[in-house]
């Protein structure tokens, strides 16, 4: 139940991030809704395919598609939600941060629930979290956030390790999930706010 | 049997669309054949992975690869099939329209055949139909048709819903499949011919 | 055992190819490591998903992630491994050639091991071999090597056919695997060295 709620929250913020990115790329209304839906459902589909859950839960339960469609369509209503170009970029990054936090957490938990060993659970969680955003950026011909945003993969891995450790130590799962999501989101938001930059490898 | 024929027809037109797109992007002969094959087989592979059919039927039955290879190679024969640059774009769109129509239809039917619930069957069908074209466009670094062509996802969804409804109501499957494919193809061709444009979300 | 060693060698050279490509695209340290890991693990994940092995072995066994991470991180140490820009391109192509050779070979063998029929085994092997490199190039917004490098798919197919034939004829597997990998790598290296070009389809 907690998992479903967190999952649907993740779907909602990823749909928003996808739709805003599509608006920024000047796609038409259908393109905005389609990219919102793909971004929102992508991570969950990848997770379920990796875990052998077919057809993916994300496609089988109507709530996922409903949330993704409504949020993406709502993002097209001009005056209400579309901010000026300068604020659009930041809004995408913030929505993406929450989506990453929620999907890494639920992805890791879903993998543990079907008996995946710790390393696999962490990797499936991280892939599930970055999957939707990578798909969104590739479809818009942009280099994915995870590759040129410093401090993106790192908090995702930390959150996945926290969920896996909590599970191994028998901690109660709901607080651990919430703490892991909060950890990932806050580090990402801090990185966006302070514009942290990782060192770049030098070339001779 | 009807499914296999429709499926192979879809493979043939998608191979053509992929090969022509590669020719337009000035790839060499091998690149043209490889992209034709990837475009033709991509949708079916994605469909089978989502349905848990492994290894995918598309890879297991030699007819798929044979049709995809022959059509892609034939598209390289210069005088016979390669039209002038101005007509190349339209030929790609038309071949893509038929491929979309056939794959959405067979994808939805294949999902229903393995017992997928209605929503999942529609989504698997739509993903299967747009999957090959999206892969083709991403590999050529173009924004996928489904995102910047208005009236692309919409007829695909309509066709998938028609197949699923017909199945639920117990209608005979062959006429329903043909009708759904005709519906998708005719709406897409009309949209290409009339150059319909969906409204674009305004920005302040 | 032989399969695991060849597989890990493939992971190592693909991690190197991915990391060097990321350095060339001027990503920061985290981006370099992430792209190295994605390139190194991508092919194996695709292979296992196509074969229905979930969660993928590549994600389940820690050795894969360990080799991929260490090699990717090592590629960031400036003076030791990063060559001048002019030599970077060639180093990427050479590492990619060895990765292709190893992954096509092990991918075909893994497919045969789970009972895939010959055509499917060849296709899974080829997809597994080109998958990592295609993912790398798409994420960096480059047209994949397999599409614009002549003589790329061809040796991959030849190697997969050799492994499948050897299996059908009951030849001892280790020498066949090594011979197939050597065949693919040497044809690719020769093509890189001689800058062979496939004919381009003419346009009227």
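By letter and in written order, the chains are A, B and C; residue numbering begins at 1 in each of them.
We adopt the following convention: contacts are C-beta pairs under 8 Å (C-beta built on N, C-alpha and C of every residue); 3 or more make two chains touch, one makes a residue touch a chain.
A quick note: this is a predicted structure, and the numbers were derived from the prediction, not measured.
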Cα superposition of chain A onto its copy chain C, rotation angle rounded to the nearest 5 degrees, comes out at 120
Do chain B and chain C face each other with the same patch, meaning over half of the contact numbers show up on both, or with different patches? different
From the mean C-alpha coordinate of chain B to that of chain C, what's the distance rounded to whole Å? 28
If you look at chain A, which of its residues touch at least two other chains? 49, 52, 138, 141
Which stretch or stretches of chain B touch chain C in the complex? 22-23, 25-35, 45, 49, 52, 54-56, 59-62, 65, 75-76, 78-79, 82-85, 88, 138-141
What residues of chain C sit close enough to touch chain B in their complex? 49-52, 111, 116-117, 119-120, 123-124, 127, 134, 138, 141-144, 146-148, 150-154, 197-204
